[in-house]
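Across the two complexes that follow, chain A remains constant while its partner is chain B and subsequently chain C.
And now, the complex of A and B:
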């Protein structure tokens, strides 16, 4: 065993160690950011809003129609819509990854991406 | 002395084959896919030092194909092949630089074998989650590489005359 061998082994272990720390920090960062509410209008992405910031977004559509997306307490909901049926407004608040609210008349979709998964669903599926 | 070379290569393929089988019998399951001790790497190491890189490469590929068809399946063969090739390239470069002894070269081989397998697994399964395994696999590769390297060094000393005067 030469001195270079020892250096090589230590270098490999150090790189690995650095990699582990890097991923841990990265995961920590992304996990505190939590999920995102992704708004899609007619198949095109309209915007992304982090769930940990309370915001109210007015989504203006063609012909003066609109939807209002509200994010509060880490949950997203459609608080107002200019459509007739109001199904999206009555939809329960969403926050688990993969949850969606759909406003069919306006072709608006709100989907949660990333963040906490629904444990119950994961187990039952 | 072509016959001599062929005989030695055949011997090494047989050795690698048996070592792969022995490794399969060993009840060491750490719960990490792709984590192996890499006993068969011993014969590749010996071949690399005694009869040169070309034959060692042939040995490496033949071994993977043989073992894959006998004990494994296509998926396993694909992972092994990627691991074996990457590991071989790393070992060859490591040996060419003349910086390291058999131990260093073997460590390079062990680490890159595991890295190559994980990379292919990531491409096949289309997920980057597997990077979590990487540190464990690298450490495993280093440990097994040191042991294989020491043993290979001892073997090479004893069979080195065989590769010469051809």
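And now, the complex of A and C:
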């Protein structure tokens, strides 16, 4: 083997390693960047809102009914709703992957997708 | 001379190719962890909003999404079947359900599916077991509260309480002996024309248990079903650990979402009853949906009661019954039962556990 061959081998190895490390870091970053609050209305996706951006979304429904989704401090909550039972408004703020807030009368679900997971499979209520 | 040069070059290129292949193989997980193999079981969840007027969650494992969806749909199909039979508000084409029985009160027996006969027999058993603290024949009383609650939620400033005399008159028509079951003829007859059935305190848990029993018999494993908080599992998680269930904090203003987490052994079920979800407010006081058969008013001793036992129908019925009892009555009752554990939570957050409840809690 000549000196140039050795240099070539090392160069290619460095490039490959660089690529591998780059993708690992990228994957890690995107998976811990925080989840999304995914809103569905009657099974149809309405919108996706990253938990790391504070926002207030008015979800307008048929017949003038509405829900208001608020994202603040990395947590999603239903701050207002025109539904009769207000269970969604009284629900605690959510941020773990898989957590949901449901407005049953309006068939609205806010679900956290991705981000930090907790160790719980289900919850009583 | 030239031949040797070539050989060296080929060796170098060979080494490079082998190394690159190795690095890529390691990165994509071909070695060590078998994650890339197609037989790996992945964790999936599914939710529905259209069964039993509540949210259904299914947690399971499958090698791919299509296979899990097949499992979830099989569970959902059975839940819809029971939903239609146990419904007291809606009629379904070609189905005699609880509503049909109510509509024929005092008129004629109604021929029904065995699943209704068995639910009502079970409900009578639970009535006996709890000394009448959970009564499916209380529809006449519950419907009055239902109406006042709906009105009170629509117009909070005009929320009212029903008159005790109105409730007492309705309570004349809640004798469970008037629910006449003829198992041989497959009929149910309400002998009192003013009686109606309300199976809300038991049907969800009972349906949950039946569906899980059916799925277990079909060979399903590693499945957790939550039917509006009636939680029942088959087996444990695929990785060998227990399914973990959080018990919601009845104090919704608290920073803590959960007051306890419990790990379920195979076949264990958990459910909570409380005043923090379905309720209305009159003059600043909360009136929940659980009505004490003795006072005909909403029970208000506890913020919530949670039950762990081996049957979801029993868990559902007992959580209502214990919510209606004093702490002492409830403690004596739980102590008299095998395999029933309870946790009582007061409005100030104080928790009281039955003897073995904390064997399930996550420390």
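By definition in this document, the second predicted complex is superposed on the first by the 93 of 125 C-alpha atoms of A that agree within 3 Å, B and C clash if a C-alpha of one lies under 4 Å from a C-alpha of the other, contacts with A are read in each partner's own complex, and residues count from 1 in each chain.
Here, a residue touches a chain if its C-beta (ideal position, glycine included) is under 8 Å from a C-beta of that chain, and two chains touch if they have at least 3 such contacts.
The structure presented is a predicted model; accordingly, all values stated were derived computationally and were not measured.
Comparing chain B with chain C, the partner in contact with more residues of chain A is C. Looking at the shared chain after the overlay, A:55 reaches neither chain B nor chain C. After overlaying the two complexes on the shared chain, residue contacts for A:13 are found with chain B and with chain C alike. Contacts of A:90 after superposition: chain C is touched, whereas chain B is not reached.
In the superposed model, A:5 makes contact with both chain B and chain C. Within the superposed three-chain model, A:113 lies out of touch with both chain B and chain C [touch as defined at top]. When both complexes are overlaid on chain A, the residue A:25 reaches neither chain B nor chain C. When the two complexes are laid over each other on chain A, chain A has residues 1-2, 5, 8-9, 12-13, 16-17, 20, 23 in contact with both chain B and chain C.
Chain contact summary for the complex, chain A toward chain B: residues 1-2, 4-5, 8-9, 12-13, 16-17, 19-20, 23.
Those residues of chain C that touch chain A in the shared complex are 8-9, 11-12, 15-16, 19-20, 23-24, 27, 45, 47, 49, 53-55, 57, 59, 150, 153-154, 224, 226, 228-229, 231, 237, 243-249, 252, 254, 257-258, 261, 270-272, 276-278, 306.
Across the complex, chain C is touched by residues 1-2, 5, 8-9, 12-13, 16-17, 20, 23-24, 84-87, 90-92, 98, 100, 102, 104, 107, 109, 111, 119-125 of chain A. Per the touch definition, chain B reaches chain A in the complex via residues 99-101, 103-104, 107-108, 111, 131-132, 134-135, 138-139, 142, 146, 149-150.
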